[in-house]
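Dropping the structures in below, format is structure tokens.
Two complexes follow with subunit A in common, the first pairing it with subunit B and the second with subunit C.
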Partner chain A sequence: MKPRVAFFDFSSCEGCQLQIANLEEEILDLIEIVDVVSFREVMKEHSDEYDIAIIEGSIMRPMDEKRLRKIRRNAKILVALGACATIGGINKIRNQWSAEEVKKEVYGDADIKDNEFFDAFQTKALNEVVPVDYYIHGCPINRDEFKQVITALALGKKPEIPNYPVCVECKKNENVCLFELGKFCLGPITRAGCNAICPTNGSPCDGCRGILKKPQIECVMDILEKYDLTYEEMKSRCTLYNTSSFNPKDGMTFVRRKSNE
Partner chain B sequence: MTKSDSKVVKIITKKDLISFVDSLIKDNTHEIVGVKAKGERFVFGPLENARELRLDYDFTILPPKKYFLPQYENLMGFNLKKPFDVKENEEKESRIIIGVHPYDIIALDQTDKLYLDSQKDDFYKKRRENTIIIGVDVQKVSERSFAASMKTNITESGFDLMLTNLEGKYAITIGSEKGKQLLAKYAKTAAATELDIKKIKAVRKHIASQYTKKVKIDKKEWPSVLVANYDHPIWDKKSDECLECSSCTMVCPTCFCYDVKEEVSLNLKDGKRVRTWDGCLLQDFTKIGSGEVFRGDIKERYRHRFFRKGNYLPERYGFIACVGCGRCGTACLPDIADPCDVINELSHFERSDDTSRFFIKEKTEIKDKGIIHIPRVATLKRKEKLTSMEMLFEIELDDNKPLNHKPGQFVEVSIFGIGEAPISVSSAPSKSPSFEIVVRKVGNVTLKLFEMSVGDKLGIRGPFGNGFNVKNLEKKHILFTSGGLGIAPMRSLINHVLDKDNRKKFKDITILYGSKCPDDILFMDEIEEWKKVDDVQCELTVDQCAEGECWTGCTGLITTLFPRIRLDKYDSKNTIAVVIGPPVMYKFVIQCLLTLGIPEENIFVSLERRMKCGVGKCGHCQINGVYVCKEGPVFNYSQIKNLPEAFE
Partner chain C sequence: MNNNVDINLEHVTRVEGHGNIVLNVRKSKIEKLQWQVSEAPRFFEAMLRGRDYSELRTITSRICGICSIGHSLTSLKATEDALDIKISEQTAMLRRLALNAENMQSHILHIGYLAAPDLFGVGSVFPLVGSKNQDALLKIVKLHRLSNEMSDLVCGRTTHPIRLIVGGFSAIPTVKQLSNLRQRLKDDLKTTKEVANVLNSVVGNFPDFERETEYIGLSSNEEYAFYDGVIASTDTGRHANNKDYKSLMDEYVVPHSTAKHAKHKRDSYMVGALARFNLNSKQLHPIAKEVAKLFKLKAINYNPFMNNIAQLVEFVHNIEDSMLLIDRLINEGVKEEKPVVFKLKAGRGIGVAEVPRGILVHDYTLDEKGKCVKANCVIPTNQNHANIQKDMEEMVPQIIDKPRKEIELNLEMLVRAYDPCISCSTHYLDVKFV
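Up next is the complex of A and B:
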């Protein structure tokens, strides 16, 4: 029997599901190998009977948590789709401030009390609420990687997600290193799998697939100096997708070098 | 006819060189590749016209290795519905590469030694044969290059043609018949004069003097410096800054480790097996099916790269696997990857004469096992559930020829669409085309094996590795110690020794076997049979026994069985001990064996690592200088006890 797949979304732009909708003719292959029982972006039908739940978006409110827990109970396999779901992504920029500060900034004096739709807490990635089986990283996701994950699941195989940095793919593409062009790129510490699409097209990596390794701050400062880059540029790059990995509240905590004393 | 070091040299004007390249492009019989600008840097890429060619380059981002071992290479295609419709990748196109620097030519020569040894890499070989190399003497020295120190700034061989810029014209040294013909067919050249030959030498001498980056010691000394300083604080200090990005290995012309992956189309109809570059600095480089990682610390991985370049490959193949191109130093952001810097820092410290310290004495040559990475077709004959986690599979080779394995050897089991995994053979050697393996459900391949049905097809490569030399065990007492799944490969040897035709050749046998719990014991029926054979003592233990479980045997770790060995019968000097089990077990068991007075050289172990290719190419299974797939998995303890990475 074909595995039954349902798509869900929380706080997100739904662009990652759009990537799947954009498979166009290939979507026919997709529905050959899995039974799509719910996919709000492309169909009206919905069913709560599914094996694999593929979820886009971040968790922002108690009502989101409740809904996510229900999905987790229904699904045999839960897959996080895209940066908002896998690492919190852009939605986590606001975690630099408290939920109260953010609400005050956005809604001002409007009366949002006792309204569960506005009962926002600090942004969470899916795995901060329920166990996640597999991750499809990226903002947006890489369609080829989505295909690999879904074929692996259809074959009853654990999908393999790269556990190495973007530099590996960037070097294979023989790009001129963006540091040499005076740009701060997060490629050396970001999980690969995107085939280094941004650096290959001249844009430095923003770390949308999550940070693999926190380098030593001393080492980073040396690199910045070597390439004439500023601390401010690095900070802004890091907070776009990886606020929680870098916590700029305390001025960017990288790992401190082991002290010999 | 004027010759330089017995090679014919011609002269071509710059204008005629351009027409030569243009006519090669126009002729369209080869793909013409040359050095082109990419921003401020240079790359090898297809030439559309000769004016794109930049022979004045300093270095290219990637070496020409990408044309022989591509970043992504399709090893074979297959059909999932008919899993054994294997189509070997056929790449017929021939290519001319223009502008290869001498150090890159020497790097290719080194790659040949690895890839064209007794188990040649057919895919590499084909590309090597179909490629014509037009080299060029360095005109602009890269500031990071130290090729002159490595004596790789010039080369007398390895090219079909070699260009040298002589101000206004080029000298062309002919290196092969192919090169000669190419020139005769497409280029307008003149004979070189004595003066031209002198000029070539002068140009090369001048360029050699332009290298400002120098290694303080001769390259012959690299191994002795590295070996003496295996525990030097430099490894800790430098690796502390490492970003673990493996850029250094990606851009290296002499890094040739690879990974093999499975790709399946979205309709689940077709798939392919893809080979792609891997890097030993990456965390998962040594990860095995059960999730265990060897060389887990970045310090160990960082050090490994330098030892592979300066000790492991030199000791095995006779060359220092660094050609001084300087690419790694350029690519490394924290600038810790440059071998020149590391060797210079170490050059003030001790030397060691024992450069073979991280090797074993016995060298095993691999016999050619057919086209590399292409499996033989086999059929699943029988499945037998042993425990909740382990199952026995009987596999028959479809060509009806026996596997011809020795006890202790392994095979690569492949399921198309899923992948490949190394698994020990568990049955005794026989003349039949079928053999048995015991599999624990841990990774993708093993999970799928459990789901397969009798009659299903799978692929087998091998047998690989160095098995037990059964002759060495004759006329000896044998003490088998196995823990957990270690009994699977051990069974192959035990059943061979206990076979009624062979039993008389060996003296008393002791079998010690430890499992986690009574339910985990494998081959209980067979063990009962073993016990019945004359002069066989068989002792079992379990780590723990849950209440209510029926177990009357010993409880405790494997070492608790040692006091039970009937020592009165033992002549420890005449005893061979065989140990196979999980990595943690070895240290303790070996201590017990030594206490019993069994000499180190009488102890044999079998070690587990990530064997991806099985034929000493992919680099994943290395323990210091030793390849587990080649010299192992069975090792004599006395030979590997000093390998720091053997019993981590």
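Up next is the complex of A and C:
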């Protein structure tokens, strides 16, 4: 029997689910290997009977948390789709302020108590609410990587995601290093898998795929030194996608290599 | 008339984002009828505080996956207005090409994948595979691919464009790539006409409904306005100054919706393809005019379901317009240009453009270091929510004797006709409760 797949979305732009529509004719191949039983964005039918739940978006409210827990109970495998789901992404920019502060900024003194639609807390990635089995990173996700993950899951295999930096793919594309061109790029610390699409199009990596498990901090330090760049800029850039999940108040946790090593 | 009807449709399907339809009829009287938006508010306004001018397009692009190019371009227009940056003619042409590509992508996605299943009597496009309509589906997929690959070529990526930056482009397509694209556009004009004929054979399945309302969009002497123009209304004509947008777009908050509503002279107004058609149909390119004629679409049309058809007409217009733009680009020679050099300064900038679902405004205030201190965005879908509600109020008494399922489907189809982009509409940049 084909595995039954359901798609769900929380706070996001829905651009990652759109990448599935953007598979174009290959959608037909996708429905050869899995049964899509729920996908609100493109189909009316819905079923709570599914094996794999693929979820886009961040968690912002108690009502969303409740819905996510229900999905987790129903699903054998839960996959986080895209930066909002995997690391919080753009939605976490606001976490440098408290939920109360942000609400006051946006709603002013209006009475929004007891209105569950408006009851927002600080942004959470999915794994801050329920266990997540697999991650498809990116803002938006890479369609080829999505196909690889879904094919592996349909075959009962464990999907592999890269744990090397964007620089590896960037070099393969024979790009001139953006640091050479005077730009600040998060490629050295960011997980690859996007085929270095931003640097290849002349724009620095913003770190949307999250930080590597063990980034080569020494290399980053060398780069900062070589190009006379500051921690401050690096820190600021990491806050765009919550790339390193660090707390800006604590500063960077990077440790310098000792000179005699 | 039905004595009692209860519809509580949570999370309407085949639309972008989360919205609910609630209808309670008791003893033949409508007690409650609401178009609710339950999407989580996203606090973009708070998030933009203190961000660098160069990041504003990156962040606001994430308001919406489907119209990320439109948000990026409108964001750049606002930023460049604040910094007094004048872009080159080539940049303007490439940006117009990008906007055409996105409009095509968004419209064909909506017509083909979201709206058409209702016309074919199915729940999604998946059952069309292997049916007698498979050929039409594959043609729609082909047009969707064309639109996306055109965005990839101009913007580096179709969702969340990469190459669109302050003052210009970080990379541009080659002449060869552009002339290949032109050939494909020409070939697929034929495919589009074939899709139009198929849709024309089922267009009678849209409910027969009209309600007079106001239509607002950009208008221009030069062209069918998308990238540039002045704000205009079918009720009050062209308005002199886009900076005065708030006088036309009066936004307010209702408790059953995390997206704002808007009104101008009447209780509500409509934006999007049908609004643009109603304002500017005389300026459509010739084949687009032919397609409008095929569907007997004439300005002013008050049937919201015809928004689907206006989208198809615009799809054809965008193809014709892109071919002309590519001809100009190739004739004038595509040059490697560096982004415009400028000095940072404090100021306020306003960007206005037509994006797939209607008129979009970004309004930023920057400090002397180029950091954002205040932002406001008026999103197309917000401007349509009140009009959807008013349409429902007029439509329900007309269909109340139909079976419950049919009432439900008609209301869903009405919401879909507007092609709402709900994630967009709950961006929450500047909210005041009234």
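Here, the second predicted complex is superposed on the first by the 224 of 261 C-alpha atoms of A that agree within 3 Å, B and C clash if a C-alpha of one lies under 4 Å from a C-alpha of the other, contacts with A are read in each partner's own complex, and residues count from 1 in each chain.
Operating definition for what follows: a contact is a pair of C-beta atoms (placed from the backbone, for glycine too) under 8 Å apart; a residue touches a chain by one contact, two chains touch by 3 or more.
Predicted model, so just to flag it, every value in this text is computed and none were measured.
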Residue contacts on subunit A - larger count, subunit B or subunit C
C
Should A:A21 be classified as contacting the first partner (subunit B), the second (subunit C), both, or neither?
second
Subunit B versus subunit C as contact partner of A:M1, first or second or both or neither:
neither
Quick check on the superposed pair: does A:F117 touch subunit B, subunit C, both, or neither? Answer first, second, both or neither.
second
State whether A:R40 touches subunit B only (first), subunit C only (second), both chains, or neither.
second
Considering only touches as defined above, state whether A:N163 meets subunit B (first), subunit C (second), both or neither.
first
In their complex, what parts of subunit A are in touch with subunit C?
9-19, 21-22, 24-25, 27-28, 31, 36, 39-46, 60-61, 64, 89-91, 93-94, 97, 102, 105-108, 110-111, 115, 117-118, 120, 139-140, 197-198, 200-203, 206, 236, 240
Which part of subunit A faces subunit B closely enough to touch in the complex?
23, 26, 29-30, 32-33, 147-148, 150-152, 154-158, 160, 163-165, 167-168, 171-172, 174-177, 179-181, 187-189, 212-213, 215-216, 218-219, 222-223, 226, 257-258
Spell out the residues on subunit C that touch subunit A in their complex, using ranges where they run on.
11, 13-18, 38-43, 45-47, 49, 51-52, 55, 58-59, 62-66, 68, 109, 113-114, 117, 123-126, 129, 138, 141, 144-145, 148, 156-160, 162-163, 165, 170-171, 253, 255-258, 423-424, 428, 431-433
Sort out for me which residues of subunit B touch subunit A in the complex.
38-41, 43, 61-62, 66, 71-72, 240-241, 243-247, 250-251, 261, 263-268, 276-277, 279, 282-284, 331, 333-335, 417-418, 443-444, 447-448, 451
